[in-house]
Amino acid sequence: MAKAEKSVKTAGKAANVKPVQEQPVLHAIKGGKSAPKNGAAKTAAPAKPAQSKTAMIKALANKPAPAAADDAPVIALDLGPAKLSPAMTAYFKKCQDKLGFVPNVLVAYAFDSTKLEVFAAFYNDLMLGESGLSKLEREMIAVAVSSQNRCYYCLTAHGAAVRQYSGNPLLGEQLVMNYRAARLSKRQRAMLDFAVKLTASPGSVEEGDRERLRRAGFTDRDIWDISAVVGFFNMSNRVASATDMRPNTAYHGQVR
Amino acid sequence: MAKAEKSVKTAGKAANVKPVQEQPVLHAIKGGKSAPKNGAAKTAAPAKPAQSKTAMIKALANKPAPAAADDAPVIALDLGPAKLSPAMTAYFKKCQDKLGFVPNVLVAYAFDSTKLEVFAAFYNDLMLGESGLSKLEREMIAVAVSSQNRCYYCLTAHGAAVRQYSGNPLLGEQLVMNYRAARLSKRQRAMLDFAVKLTASPGSVEEGDRERLRRAGFTDRDIWDISAVVGFFNMSNRVASATDMRPNTAYHGQVR
Amino acid sequence: MAKAEKSVKTAGKAANVKPVQEQPVLHAIKGGKSAPKNGAAKTAAPAKPAQSKTAMIKALANKPAPAAADDAPVIALDLGPAKLSPAMTAYFKKCQDKLGFVPNVLVAYAFDSTKLEVFAAFYNDLMLGESGLSKLEREMIAVAVSSQNRCYYCLTAHGAAVRQYSGNPLLGEQLVMNYRAARLSKRQRAMLDFAVKLTASPGSVEEGDRERLRRAGFTDRDIWDISAVVGFFNMSNRVASATDMRPNTAYHGQVR
Amino acid sequence: MAKAEKSVKTAGKAANVKPVQEQPVLHAIKGGKSAPKNGAAKTAAPAKPAQSKTAMIKALANKPAPAAADDAPVIALDLGPAKLSPAMTAYFKKCQDKLGFVPNVLVAYAFDSTKLEVFAAFYNDLMLGESGLSKLEREMIAVAVSSQNRCYYCLTAHGAAVRQYSGNPLLGEQLVMNYRAARLSKRQRAMLDFAVKLTASPGSVEEGDRERLRRAGFTDRDIWDISAVVGFFNMSNRVASATDMRPNTAYHGQVR
Amino acid sequence: MAKAEKSVKTAGKAANVKPVQEQPVLHAIKGGKSAPKNGAAKTAAPAKPAQSKTAMIKALANKPAPAAADDAPVIALDLGPAKLSPAMTAYFKKCQDKLGFVPNVLVAYAFDSTKLEVFAAFYNDLMLGESGLSKLEREMIAVAVSSQNRCYYCLTAHGAAVRQYSGNPLLGEQLVMNYRAARLSKRQRAMLDFAVKLTASPGSVEEGDRERLRRAGFTDRDIWDISAVVGFFNMSNRVASATDMRPNTAYHGQVR
Amino acid sequence: MAKAEKSVKTAGKAANVKPVQEQPVLHAIKGGKSAPKNGAAKTAAPAKPAQSKTAMIKALANKPAPAAADDAPVIALDLGPAKLSPAMTAYFKKCQDKLGFVPNVLVAYAFDSTKLEVFAAFYNDLMLGESGLSKLEREMIAVAVSSQNRCYYCLTAHGAAVRQYSGNPLLGEQLVMNYRAARLSKRQRAMLDFAVKLTASPGSVEEGDRERLRRAGFTDRDIWDISAVVGFFNMSNRVASATDMRPNTAYHGQVR
């Protein structure tokens, strides 16, 4: 393992995975609020320094709110936790510090440090990197796609993100329930129409669909980004559904 | 850009992304055959050293077979090509040497070197890394999923991969057309039933579905891997469909 | 209240509508809390006595929370408000007193006092009358059906009711998103499986489906009640969707 | 029960529910013909005065035509018949006198006098009350919705109603089989297109759909009424399918 | 005319098309009743000898019942009528004599005498030739398939055939509306379950489906025949829908 | 049987069914090449003269390619082979001579000489007779329909036919995978859009759909022919799927 740790030390320098110290955490809470206010999350106090990495992973799964205890493990598969690379150990610590918990999707991938790392690299570039789409817009796509696929994990985590980024609790709910009920700009409506069509019947997307996005003001690069986010959540929804991934309970009470 | 190039130079040292010199190419041709035999691909002779990276990307898109010229660009979005990182430049060269062409999905991602790198890292770990699933089985999932989603790009590229890995041209065809027509072992049938259900209605997958896989001999880790491959192609199918990605014509004639 | 009772006394002459003094309000808030605690609803202070019935209807539509203003009228149809019958006037007052607002579905039906009255009578008998199903179970059906139909109004109002009756915020969310993600007893799972099948493909329900409910412990009368609740929300979902009915914003913050 | 009966006695005075003696029966036969002419119904002679209400309910279920005996009970649930309120007793007698039988949907609800009463009140206001839609149009919607949902009970009973109101046996058949095969006015076609869309995918109905109705000449109140009828039969279809409700055989031969 | 008749004279000798004098007419009326009894059809008196074939074709399209006039031509395509071969002329005459009209599907195919002849040969072998399936069973399949496909022409013509062969008007209606509502033997239910599955999702039919038929008592030859009838009506339904084929109005009133 | 054979001898004289000696074989190989070039088919050398007709049928099923042996019988039903009529015997011989094998669909129908004969007559008139549609266009429809229905047999056999008639291997692949990926003329795109809609939801085809074909340049007779081909393959797909019909392996390698 020493060798693995060593190889990770230089990982921060790799161009293709942003150095951890610069990596934004998933769904950073708007306005720097590091701890959600309402009941459920209040109990999710930062765990004490864990003795071992294995213990840490368990500790990082935040505790359910008293009234809503949900004793399910993070996923329904029995996968022994891996020894995290230093980069990923640091990443988890950063999540804990900023969010008060490590998102369960990361805990789920932590059975294999490489898989965790490429997943995090992919995710962070996609959702937090430069794009003509705002972070809110990317989260809106995430929720609209996840609603189409009825993914409990992603609707919970990214529904909270939409509420946070928009400061509009109703918008988050509407995208979870039926994006057509939301009062959207023409741009955002075109974006979500494309996202839902691409999710529901990918084989029927054609030039006319791209043209509608261009007419709504999107560049070709924006169309790539929309498609990439749609694609990503069609992946994540399925990994989450296939493994019965359970969201951190803290999400439920955020920004209501 | 200089900074990006520098940061990429050390990329090979990152533990979490296999060094490029060790990275297998996509669907390496079985038995080390570096050039497909049949007509279409014969014409795709290695391009001469390209003057610039931009030129190289164009050169790498292999030439269509005479009888089946398909003048479409690789994707229907106009994205300027990026300067590839040295790692990715090396990776493209390796593809060219081993396959005779660079798979168009890589050419498509090459508008952004970081996106290309995280995509390739994700792909290579998933499809070529260690797993209880054989590489053929992972390709079988790729094709069954892509058939459900009617993805022209992925059916072409991964249909060829199934033909190559299995040495059975009929199997490739059957998975493209209707996996139920293939004569599969119980294990592989259970695997593809799960893959297609997870693709078609992810929200309805439950413990009973995982149990069926366990009864067919799969471990929990295998179930993760099946789910991850299903998820990945549900992503790739959508990026390909959204962008009208065109497969290299060489695939069509391989292993018929 | 005396006045309300008096005005109701004459209402009691209608055989088919329970006298108002016995009529429970829709989703009475558990434990007698008459005002929701969180921000959005706080602003929904009881309106002053309205000069006219027309004014009252407008006043009763509770005000949106500042951060989530949603200026849509209650429905997207322009229907002049009717003169409410004394019974319905009293009913609205009772809602206002107990809930802090009149549910928008009632405001919507108030364009015609007869329609409002038969709707309220139907609803109250169904959801609050005697049954082998608990009120929570009836609300769970309401949400599972409304999720299948993607009805924003009903998911919001009855999602809140599930959270209230169960005291379990997660349960409400899970039924909104995907009832299969909830940890349900066999009885409740059988109930919701039947509800969703009857919603999605009514023409395929047969004796085997009723038998499954009987095996889960339901009587034939319970099966009627389940079917009647499923039917009712398949009606309400469609009236709400057809008219773009908007839920009272107070619901969103309740029992999170 | 005495109390309930008493409260019913005065029911006729309530403005909001039409007095029973004025309540039209379901699908009153056009032109005052109180007995259908063709074979099947001829045999459904009025039952003798029943000794008890329980007996009466059984007697009211009309006898099947000889060639088409269908020994199924009215519904597949074993629900003991209730003592009917005087209002409902009178209502059943009126059905018997005018139609020659009591529609089985009413017999089905007769296990609970209150449920029967609110159902009848709801139904009569909706289908026979004032509206910009003719009674035929409301029945046309009933059949188009029931065809979408493949509801044997409602297609039979309301198919007969369309044949009666229109005097056009083909129209009834066409709406049962495929409303697109009927030669409809633009108004009626728009009405049924809306009805079928609202039935098949309620969550996708939006302002554009309402606009199409307005352009076809419907007022906002008409749109409410269309939606309410669509909603009602989406309810009735499901109650009928869930309980295997069997139509009176007399319907089959009417107005062929 | 003489020439055409002559070329047709030898047609009867062709082995692959049964000699006309032995060809049964479509849906021959049970018990040799050559004229339906009820009103609509009464008016469809045999046309007088037509002067020309063109006139004859028009004359053969039976007249609509007074109350249900439907002025549509037989199909919505403008195809000049062909000169019928003597065999087909004789066949049409036989239909007229036995049924009182020529089924409109034959009138539709009469734009091309060869197409008419191969269609009639195919149809007659399939529906009236030797088989382990009774003629009623073949018609039941026709209706169940046509209901799935919502084909107005076939539901009308073959719904009448089911009523005739079974002498059970309800059975015809039930198969039109929802075959699950019919009280069927296990054999016939298995047959229609297979027919509807093969219609709705042919690509998912597998050995298990054939096994279910075998367990219900069907031989392999019977399974072929079921499949062939299902296939045939999936063809006819589409030709009829694509051309807006209108059924003879006489069917509507038969055996009600 | 003697009589049947005799009646067949004169079949050639019947105007309405092309004489066998003039009947084109299914998918005649373009340019008179009677033997496919690539490996799989090379092994399918013409069988020696069979001793008996039964033996001949077996012999005609061409041998699988070594690498892709597929030991399944032609269909999954056990139907004894019939004595073929002289006409059909000649027809099979002609297939063998021209194609190098008898298409398995004909082998499948050979359990009953009459069924084989009417099937072949129907097929040959439809696919090889005079029409405003080219033979390639008819094959394109066959493949697009078979793709919608996921029919392994027809996709294989008619996919090969599209490759042969068009000389474009990619076109065949694209129609198998997703016809929207093919670069089609407006005419052919309109044709396939109609074909796929008529396949997927026949009950929703209306005048507007026919109008679109007319605007794309099709005559009413062309529309009949398109509909007839769509109908035919909706039949064949279901017979093939219901019986697990296996295509001759020679098709797989043709014109790649």
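The first chain written gets the first letter, and so on, giving A, B, C, D, E and F; residue counts start at 1 in each chain.
The working rule: contacts are C-beta pairs under 8 Å (C-beta built on N, C-alpha and C of every residue); 3 or more make two chains touch, one makes a residue touch a chain.
Source: prediction; values computed, not measured.
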Joint neighbours of chain D and chain B, given as chain labels: A, C, E, F
Of all other chains, the one whose Cα centre sits farthest from chain A: E
Pair sharing more residue contacts (C-beta pairs) when B-F is set against A-D: B-F
Chain centre separation (chain A, chain B; CA means) in Å: 25
Whole-Å gap separating chain D and chain E, where each centre is the average of the chain's CA atoms: 33
Gap in Å, rounded to a whole number, between the CA centres of chain F and chain A: 51
In chain C, residues with contacts to at least two other chains: 150-151, 178, 203, 206, 244
Category of the chain touch graph - line, ring, star, complete, other: other
Complete list of chain pairs which touch one another: A-B, A-C, A-D, A-F, B-C, B-E, B-F, C-D, C-E, D-E, D-F, E-F
In the complex with chain E, residue positions of chain F that touch it: 4-11, 13-17, 76-79, 85, 87, 111, 114-115, 117-119, 121-122, 125, 129, 149-151, 194, 198-199, 202-203, 205-207, 209-210, 220-221, 223-224, 226-228, 230-232, 234-239, 241-244
Parts of chain F lying in touch with chain A, wherever the complex brings them together: 178, 180
Touching residues on chain E, where the partner in the complex is chain B: 203-204, 206
Residue ranges of chain D in contact with chain E within the complex: 38, 40, 64-65, 67-68, 70, 72, 147, 150-152, 155-156, 167-171, 173-174, 176-178, 181, 183, 244, 249, 252-253, 256
